[in-house]
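Going by the order they are written in, the chains are A, B, C and D; count residues from 1 in each one.
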Amino acid sequence: MAAPEKKVVQPNKQQLLNRLKRIEGQVRGIHKMVDEDRYCVDVLNQVSAVNSALHKVSMALLADHTHHCVARAVQNDNGEEAIDEVLDVMERLLK
Amino acid sequence: MAAPEKKVVQPNKQQLLNRLKRIEGQVRGIHKMVDEDRYCVDVLNQVSAVNSALHKVSMALLADHTHHCVARAVQNDNGEEAIDEVLDVMERLLK
Amino acid sequence: MAAPEKKVVQPNKQQLLNRLKRIEGQVRGIHKMVDEDRYCVDVLNQVSAVNSALHKVSMALLADHTHHCVARAVQNDNGEEAIDEVLDVMERLLK
Amino acid sequence: MAAPEKKVVQPNKQQLLNRLKRIEGQVRGIHKMVDEDRYCVDVLNQVSAVNSALHKVSMALLADHTHHCVARAVQNDNGEEAIDEVLDVMERLLK
């Protein structure tokens, strides 16, 4: 039997949901710009704006995860796996 | 009177539109994961996937822009401004 | 009186020192390339190689620091500050 | 017979050489910090400083290369290859 799926209520859940909703709107906006043949540089600048917004979401999630899930795992003496996991996430975000 | 807005039909327009539609769906998916209290690392891995997808969109736009708009400006002897503009975009993407 | 300076013997100290010595040599090599008017793209490719080598040093340091210093701080119930500190480092590396 | 090696005198050659000399010194400094068992976070912050300094060198080289070598290739009607080459460099720097 598979391990039960881990559930985590994000401490700043509503703020994260609002940010993600805004990012979804920004991506839809970029789709519209390309559809309307807008100048490439204007489109690229919007993509950079989405990159920055996503970066903030990543750092907020990373901070809450490390402060809560990873810290709790360390206190329960099974921190090794949790730390390796968060380092893998970091490595992927750095790509 | 403001200069007329530059219009550019992207050479791979439909492919770009499809990619952006997929990315929009991915962001909506991340919103759903947070809403359903999914494990932080699973959410973060999806954010990394969106980062990679956006990176591909940026590089595709940058390549077409440099090969067409910037090259044309250079051939019409007003390349300086177009090159400075694309370097600014590169700087922002490298951030 | 200032707090005593924190001392940490890196678990993979010699490996880190060897890597850093190689990177120093690579940077000296780039200096030589520019001095000898080597083609820009060849120089830029060497800079990318140094970026990758430095990235490996950063991830190695980050992993050891998180596994040892941060974990110890969490176990001694003063993890908050250590976690904030490592998140600041991650933020700077993600820039 | 192999094509003659491309030679390019960087327009800001001395400034580049000075920056690279400083970066070499910074890397030597990091080596010393690890050797003296300095606190990991202090070492990591120095690595971030070298990353930023290298980023400036990359952008300076990229700007001069695009303004001169790539522009000249475009004007001589063989811009395609030069543009592909600079986009490859960008892709590597973004890694």
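The rule is short, and it goes like this: contacts are C-beta pairs under 8 Å (C-beta built on N, C-alpha and C of every residue); 3 or more make two chains touch, one makes a residue touch a chain.
Worth saying up front: this structure is predicted, and the values here are computed from it rather than measured.
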{"item": "Contact distance in steps, from subunit B to subunit D", "value": "1"}
{"item": "Type of subunit A:subunit C copy interface by residue overlap (half), same or different", "value": "same"}
{"item": "Whole-Å gap between the CA centroids of subunit B and subunit C", "value": "30"}
{"item": "Inter-chain centre distance, subunit A versus subunit C - centres from mean C-alpha coordinates, in Å", "value": "24"}
{"item": "Where subunit A and subunit B are represented by their mean Cα positions, the distance between them in whole Å", "value": "18"}
{"item": "Residue numbers of subunit C (touch at least two other chains)", "value": "62, 86, 93, 95"}
{"item": "Chain contact graph, described as a line, ring, star, complete graph or other shape", "value": "ring"}
{"item": "Chain pairs that touch, as defined at the top of this document", "value": "A-B, A-C, B-D, C-D"}
{"item": "Subunit C-facing residues of subunit D, complex", "value": "5-10, 13, 16-17, 20-21, 23-24, 27-28, 30-31, 34-35, 37-41, 43-45, 47-48, 50-52, 54, 57-58, 61-62, 64-65, 69, 85-86, 89, 92-93, 95"}
{"item": "In the complex, subunit C residues that touch subunit A", "value": "55, 59, 62-63, 66-67, 70-71, 74-75, 79-80, 83, 86-87, 90-91, 93-94"}
